[in-house]
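In structure tokens below, several structures.
Consider the two complexes below, in which chain A is the common component and chain B and chain C are the respective partners.
Entry: the complex of A and B
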């Protein structure tokens, strides 16, 4: 009886205890090293890519290159045509994918009843986001070119196709962002007599916008680097003059890189690297803009 | 329930049932809400007092599988009837929630939001006056008048709750529903809210849900005791607390369960 009531203070100085603590410290160290190694591997690859590109491509970055279009002679080729094609394509993509994606997300989160149909829609959207891009290219070819007879090789069709691909990403990110807006804010707005649309546009969307923009950045960055679907709809043609509008034949930066990398002439190696630098710079500017917008909305209050 | 009221009740509920799916959360509740008194709903957790409160301004509409049966009237108008716009109803029957929930906007914008969406103010000057009046009535004006552009979420918990009361007052409601408004506040902030309820009494019909019996005794003139979704007893607060007619009420009030 007295045994059960006796209190023995733990002796922290025994060898077993010391060994246990030493093992714990060693585990901490091992984990830190493993994490550092993981970071170093990805940073190393990125640095390798950037350095190689710069070393190979910086010589090709001159005024002729930045303002010209595709040509057969590697000394006279330029990136402006492909750049403008990418720009027009991205404009079409964001103009479609952003509003439609955000509306879908709002509808699914705030309006749609929870039943079997919305479950089916949800699963379909999640699957759509994982469909290989070449399939979207085939879809674009079948629907926009063969059925709707839109012009071949045009940024309009490229943008439509990439919008189909980007939309699910924006819907998923948008739904998560909308879901993370606390219900108490909705209650507060409903409580003073706001209608559901007012709740969505005055409160939910502004609070969800940073998250929606993050998803949009990811989707747009993926669309900008996408090559395969554009090949399917004919944006791989040899285009010697920059497109003047959304329906002119054009190519895009990643497609141009793909085409040049296939050329046998030695002069194109440098131009391919230079084009990659331009593509990366475009992507950085686009992401920078989106991050700037996101931070602006986040610090508004 | 013999209540001698000189005026017609502000709200009446007759044989109200609330279901969540198949589960009945409120059983056959009939109650009158007096226009000149504070009415307290008390009862143990999960007894349905908050659920019933939320039927009075149709906040339960936002819960997917909630269903309300029975008749609830505001000045004789059926609030679930086809002629009642739910937005208008919620402006007339305002609500203050358990956890202070100011919008992540400035203090001014929090209060101005209601008048703005209902188009009450003709211009900036009028809106300013409305915001000031609501903040004065909520007893917050002196504390925030020099920092109206600061975020409402930066205020202390008690101030946030008074801001929420000001936000509800700003649309000139006829009834204010308060769902355990002090449960997240410290005793000093609670005392301020209770004081405020005293001051608002008479101007608005007030219904307050509370799990704190002392609070019900302090702030209300009418008390309704709910248990397991049933309205067990409803009457003068002094009667309920000193001379309850039902055994269950007496047991709860004397702390035999809760």
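Entry: the complex of A and C
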């Protein structure tokens, strides 16, 4: 007590002050290290996961695996059937989600009057973006299968369900992209006599397109990795030949991974990991494409 | 089908070109001062060609099912049909799939006998519909074509249609929300007419296996959902958050406050990849690699450990949530005014003191909102818990024991038999409804917190 009173509090040369400064610097270093450790743990976990899958699965990647379909014998299984199912599902998804998503984004951002009804639309889009994916599966089961009697296990139904899930993502990305187009573009177009529709479709939309596409690809990548809703609508059947159309029974890449992970036979560990490598490669390509689009075409105004 | 679609699209293209050329010619005669551009006239004619034809085709394809059925029953081959309703229906549906080429051969000889009648009827009504659509397309196109004059406001009509399309597109989101709420509510009400609400909400015993015959022992399963919600909260809101909050928050702090520019360009995308890995991959990793490690660790500590432990699922789920927490924390720290940071540093505080004493308290509402959003995502997450958390509905606080979650049970209930009247399958919808309401409440509350906080600094 008396010691603290005797020293000048601004004199940093005293031992007490030096000790205190050292302690504060040590705390600074500890905090910084803790931050570095946190991010290294996160990234390290990712590396651990990727390396585990790679080591387990690289032996299973061969030509028969890439071109075959599901089988009971782990040596003869292949990924092509599930991959084709995913492809057909994604086609349905993008054919529905992209136009609907972009048109809603345009409407909400450019034309919607500020009223209660617009609020309802905005609230439901924001909520849909946060609804758990399995709920969309329940919706698909109740509406598409039990009410509309569409075929079970079909890429058509899977695509419809995933489209409802992806659409809000595209709307949100689209609105941000449209919002970032400066008003001067609109004013200029209006000034030379364009109608409000022409302003948007001839000027705003082309400028916002890179942003919209980036958001769309990210949404599609998420839909490609989605499993739970597809389980709900029955895309988990044993499919020994690739689907020939949108209404054939099919399975999808992530669902195939889930099905193989349940197999008891040891040989399936390798095949599951190999399928995961294929899936991750596609995710990487899609995300890479999104990043490329963003960097290459996005204009900073 | 594809041929018809292509034909109509082709007609539309021709109509567009004709309308455009005609309008351009008219405009030249009229001294070039037409109301709309030639392309607008083209679109006007094209839409009048395509839209009515497509509508006619759609309505017709809804009607033909019944007409074809009538025609087949009236055909001479139908005399050989069995009279019994059930068998008759099977034969007819088999013949139908033969006729459209969905199957190569049938199991019943009667079916292959009647298939030609089906083929004839399908072709007959198909041609009628096709002819009608073609006629309507030409009529529509001709009608639109005769209306083209230089004074004709084609642009205004096209734009009215575009606006209508925009409005309809924006309605889809509302319809989806409504569809979710109504379908969940409807099936849940059916469930609650069989199982009392109080038992579902407050019961502590969950075993949804319903016996086949009502007189069997233990015929009604137990539907007390408390153990499921405990498991969900234990994994998603407790274990996962113990992992995700410190790691996510510290990652965000390091990336925004300390990391070198070059380090940030590598570390930030790496975190984003963590968010992009499909959940089925996390689930497989949790089940294959993490779960055995956790079990061995638990056994080494002398705790009864299951190979499908809450801890394994929770740990992996926490890692999955890290990028989410980190980006929310990033946003809220960035929203703290620079003046507060500068003030603290100017008073002689070190950087970590500024962060701990000024930035985090100021950003806390935003961080809390972000964490609530993360919780809502974690409790709705399905694949990790399905693959790693087990099925036993235990009410335990031992992280090495197996617990089950709401989403696991939904998957479990709906992937077995597909009877739609048993309480077992309907229970999935009741669980879905509760899950939906839980995540909805968390999201609304969290968004309100985040929004309020943003307003405070603007």
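Rule of thumb we're sticking to: the second predicted complex is superposed on the first by the 245 of 301 C-alpha atoms of A that agree within 3 Å, B and C clash if a C-alpha of one lies under 4 Å from a C-alpha of the other, contacts with A are read in each partner's own complex, and residues count from 1 in each chain.
Definition applied: a residue touches a chain if its C-beta (ideal position, glycine included) is under 8 Å from a C-beta of that chain, and two chains touch if they have at least 3 such contacts.
The structure displayed is predicted, hence computed values, not measured ones.
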*Put the two structures on top of each other at chain A: do chain B and chain C fit, or clash?*
fit
*What is the contact status of A:76 with respect to chain B (first) and chain C (second): first, second, both, or neither?*
neither
*Applying the touch criterion given at the start, work out whether A:18 contacts chain B, chain C, both or neither, answering first, second, both or neither.*
neither
*Applying the touch criterion given at the start, work out whether A:135 contacts chain B, chain C, both or neither, answering first, second, both or neither.*
second
*Using the touch definition from the top, say if A:195 reaches chain B (first), chain C (second), both or neither.*
both
_Partner touching more residues of chain A, whether chain B or chain C_ = C
*Touching A:184 in the superposition: chain B (first), chain C (second), both, neither?*
first
*After the superposition, what is the least C-alpha distance between chain B and chain C in whole angstrom?*
6
*Check chain A for residues that touch chain B in one structure and chain C in the other, and list them.*
195
*Where on chain A is chain C touching in the complex?*
24-25, 27-28, 30-32, 34-39, 41-43, 45-46, 49, 52-53, 56, 99-100, 103-104, 106-108, 111-112, 120-121, 124-128, 130-136, 138-139, 141-143, 146-147, 164, 167-168, 171, 195-197, 201, 221-222, 224-228, 231-232, 236, 254-255, 257-258, 261, 269, 272-273, 276, 279-280, 283-284, 287, 291
*Flag every residue of chain A that touches chain B in the complex, lowest number first.*
113-114, 182, 184-195, 198, 202-203, 207, 301
*chain A touches which residues of chain B in the complex?*
57, 59, 62, 64, 87-91, 94-97, 99, 101-106, 113-114, 117-118, 151, 153, 164, 167-168, 170-171
*Over in the complex, which chain C residues touch chain A? Could you list them?*
155, 158-159, 162-163, 165-167, 169-174, 176-177, 179-180, 183-184, 186-187, 246-251, 253-255, 257-259, 267, 269-274, 276-285, 287-289, 319, 322-323, 326, 350-353, 355-356, 373, 376-377, 379-383, 386-387, 407, 410-411, 414-415, 420, 428-429, 432, 435-436, 439-440, 443-444, 447
